[in-house]
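One structure is given below, encoded as structure tokens.
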Amino acid sequence: MPTIYVDGREIQADKGDTVLQAALAAGCDLPYFCYHPALSIAGSCRVCVVQVEGRSWVEIACNMPVTEGLRVLTDSDLVREHRAAMLELTLLNHPVDCGICDKAGECTLQDYHYEYHGKASVSLEPKVRATKQFPLSSRIVLDNERCILCSRCVRFTREISKSNGLGIQERGDQSLVRASEDGAFEHDPYSDNVVDLCPVGALLPRAFVHRSRVWYLKATPSVCPGCARGCTVQIWHRKPEWAFKALDPAKNTRIERVTPLANPGVNGPWICNKGRDLANIFERARALQPMLRGQPATLDGAVFAAHVLIASAKRPLALVSSWGSNEELAAFAATLGTGMPSFVKADWLPMPGEVVEDEILIRADKNPNTAGALARFPAWDGQFGDADVVVVWGEGVAASRIPDSAAVVRFGSYADADAASAHVFIPISVQTERAGHYTNFEGTVSAFERCFDTRANVADAEALFPLLAESTKATA
Amino acid sequence: MSSKKLLMTFPVTATSHQLADYRARGGYATLEKVLRTMQPADVTKEVAASGVQGRGGAAFPAGRKWGVINLADGQPHYLCANADEGEPGTFKDRWILENAPHLLVESMLIAAYALEVRHAFVYIRGEFDLPYRRLAGAIEEARAAGYLGAPLFGGAFSCELVAHRGAGSYVCGEASGLLTSLEGKRGYPRNRPPRLTVKGLYRRPTVVNNVETLANLVNILRDGAAAFKSHGTPKNPGTRLISISGHIAKPGVYEIEIGYPWRTFLEEDCGGMMNDANLKCVIPGGISTKVLTASEIASLTLDSESVESAGSSMGSGGMIAIAEGTCMVRLLQVMLRFYHHESCGQCTPCREGMGWLHRIIDRIVDGQGRKEDLDQMLRISRMNDGTTICGMGDAAGYATVGILAKYRDEFDYWIEHKRSRYDGNLECRPST
Amino acid sequence: MTDNRSVLPIPSEELAALRARYPAGFESSLVMPCLRRIQELRGHVDDGDIGALATYLGVPRVQVEEVLSFYTQYRREAGGRWQVAVCRNVSCSMRGAERLIDACERKLGVAVGETTPDGRVTLSTVECLGSCGTAPVMMVNEQYVENVSVESLDALLEELR
């Protein structure tokens, strides 16, 4: 455990650390672009320069091994001079696009310029021009003028996703990040992580370009339901205090983007592209209307009808959602689940073209809480037996699979033909409208928080299940 | 006339590069002596004792570099000769490759023996076609004669040698950029630590030495360190190959004993200036060394101490003699265009700084220069001083700072009058 | 979209011999020697060669692409039968390279970087070739042509049929 001194302050480092790692771990404020804890050392941005006490030159801290008694300065005149020079040179050919660049507000280059008192450029030369809005893939657009060639994106595709999808063409100040010509980056299921890695607005997701200023958005911690890995994510949506008044109110309940929530125990700093596209899951056409055999009903009416059906069933069967939260599953187990055989189904199966499983994050089980559900109920064998009432909670069981002899009570979130054909259909809220927990395939429990309010006429399953089990009086 | 020759010791003929001629000159006898009578560590000791310094530009003592290699670490070691010779003004390694390729082969086998290397490389710049073919021919001759790829002289040591060609990149002359290129990638130099002698080619301990540095090994091991040290100066023993070009009457490769008087070299050995011109200034050792005026060099000798006392360096030995009437603004423009073209683009100060310097001087030459441009160029040079991954940023800085220090008035003139004081001339005008 | 199924123009015995010169595990090092050889045989490196080479050597395709664009000697487009590259660096400029380049452009009727309409000559400028003592110097395909002058240029260009 070497001891080093940063600006005179004693810091315990770990053997094998670099000065940058030790300093950051101790809370020191050192700027850097190309360094990333999960990637190899590039040592190319030259912004993390420090001065070893007694030496008259600066050195980069990201490649300086800690040694016992090492003393470095991060704020000497020499360091300030060279750090300012490195930032100035980084900005030399960087287009001042801030006014139209999506990265504004979360741009490391902007932040450092202000934090380290950057000055206006003194260069009289026109800036180097390069391709802007270059299609790196169908998902990612690249602005080569903004790119500061930190190489994080390239190293990511070599070392983490292993797609080898990105490289640098040409050389010098004509260097350009480019995708390999065989389209490997297009097929990289982790491609969008380069957007988080990019310290500037060079790499941007097409889906988010010019969609919103980031300071109007809040990031709500959540869990991706795309597979049993249960990566923790941040779902970004309009801050309530910045709610749109004049425009379509649906804009206030939109998922603007999804980014990883770093989680050393589960997904590290990454998520796969499916997690970026959660809007594709949660913003499908919603079921907002309780129905009795396709006819609109009140929520109370539907609850009563369902209760009657269930109470009178001789051979009921419940198919439990593997997308249910631990809280919802507990409620089910304590109420409806005590009265009928209940089995866990796989709401989602891998879809054609989707990566089934890999060695990085993606799991073949495309459901977020199979483990939480199986902790309470056995797995379903796909058979209905001679059930007379089938309670279907969640997706994955088409009406056409259910024997005609069974009455169907269905709880679901999405508008489809199955909802219309059920004897009783009760719309339930989706993950973004609730708080709860999922258990991933390794038994790790992660929390998701509420982003939006539940809609009118839509029930929260956790409250619904006890209602259905009660022997309440009917209020028709 | 500098009489001491250690390398250019034979007349160049149509066959002097071939094995038979080389053997007639005593070739491969030293290798045999070393392998039969010395241990690897003894060879390194002798090399260290000789004090021979790198002749690629950095002047690092070869023995000290070799001493880092741990002979007992049980992992592969590699040796690589740096034949990239890209420093403008330098063409002396080419002389060795074309005329004495077996000297390099034998020297490399001696070095490989000392360093526990079984596979050695010569990284030769892609444009050097004849030098490559001469070297490849020598390698084939050596293989056929049993020197390569087979155990030598009754012992266990054997070594393979590969001539590996570059494809056009100055920065591959930097030792770590060279190895990255040798690994089949873009020639990006690497940060240290780790040193290449700890993790080099494919992360194995590697020694990279300049061709001329290696070529001295036969002499050192044949005649001993003391004999080697009897040439040159105490701090810079031996001889050096100087490539001289520019406005000199007899450009070419000359071997001088280190410490030889500079003026004598130019005026006697090299025939003075062409067209009877007057000497204006000299670039001592490749364009990355600071220019020295004619009056400055008058009292200097060709060794590191003397040249460094005047604020410059012997560098790669690529000397350029510049006649009066040459426009130093245009000369620097050609240099900055070169550095800009060759920057690998990895690190911020060089990537952005080279382009910036080039654009400023282009603008000055275009007649749009401003007074503040010169200080800006000095500032950019300072931003590149010691802050880059490799020495290229520093190199462009030396060229810029050196020329501005001595010839700022020409730049001021151009900025003020929007034209060159010397019509933008780079060629040699007769003295008037 | 390019694929990796093309065949390299280098004969397989030659590839094997090249491979055998390097230590085991050095396949990545073969990228540049192979690209040079492909270019010698084909005149340039074709799109199909990139994937084929990457597959043969077991290196990422992007590595081959990056190498191709980093080094100045590689061409991905067919050029003239004769590649005429004139050095424009310091010592050559001091011995008339700029006048030489102008003369080449005039006599060939193309600008630097272009190929003559009859496909004979591609003219380019290059940095220091390491032949400063015989400046001005040019490369014609693989060969150095030294001590070139504007006067000797006509005869030289005549030979490039």
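For reference, chains read A, B and C in written order, and residue numbers begin at 1 within each chain.
Here, a contact is a pair of C-beta atoms (placed from the backbone, for glycine too) under 8 Å apart; a residue touches a chain by one contact, two chains touch by 3 or more.
Please read these numbers as outputs of a predicted model, since none were measured by experiment.
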| item | value |
| --- | --- |
| Winner on C-beta contact pairs when B-C is weighed against A-B | B-C |
| Chain whose average C-alpha position is farthest from subunit C's own | A |
| Distance from subunit C to subunit A - Cα centre to Cα centre, in angstrom | 48 |
| Intercentroid distance (Cα basis), subunit C paired with subunit B, Å | 24 |
| Intercentroid distance (Cα basis), subunit B paired with subunit A, Å | 53 |
| Sites on subunit C at which at least two other chains make contact | 63, 66, 70 |
| Junction residues of subunit B, two or more chains touched | 169, 186, 341-342, 344 |
| Touching two or more other chains - residues of subunit A | 168, 170-171 |
| Complex contacts: residues of subunit B adjacent to subunit C | 76, 85-91, 93-94, 119, 125-130, 160, 162, 164-170, 181-187, 202, 243-247, 251-253, 283, 287, 318, 320, 322, 326, 330-331, 334-335, 337-338, 341-342, 344, 426-428 |
| Subunit A-touching residues of subunit B, taken from the complex the two chains share | 169, 186, 191, 193, 340-349, 351-356, 359-360, 363, 370, 373, 376, 382-383, 386-389 |
| Residue ranges of subunit C touching subunit A (in the complex, touch as defined) | 1-4, 47, 50-51, 60-63, 65-66, 69-70 |
| Subunit B-facing residues of subunit C, complex | 21-23, 25-26, 28-33, 35-36, 57, 59, 63, 66-67, 70-74, 88-91, 93-96, 98, 126-135, 139, 142-144 |
| Subunit B-touching residues of subunit A, taken from the complex the two chains share | 41-47, 49, 57-58, 60, 63, 65, 82, 85-86, 88-90, 92-93, 122-125, 128, 148-149, 151, 168, 170-175 |
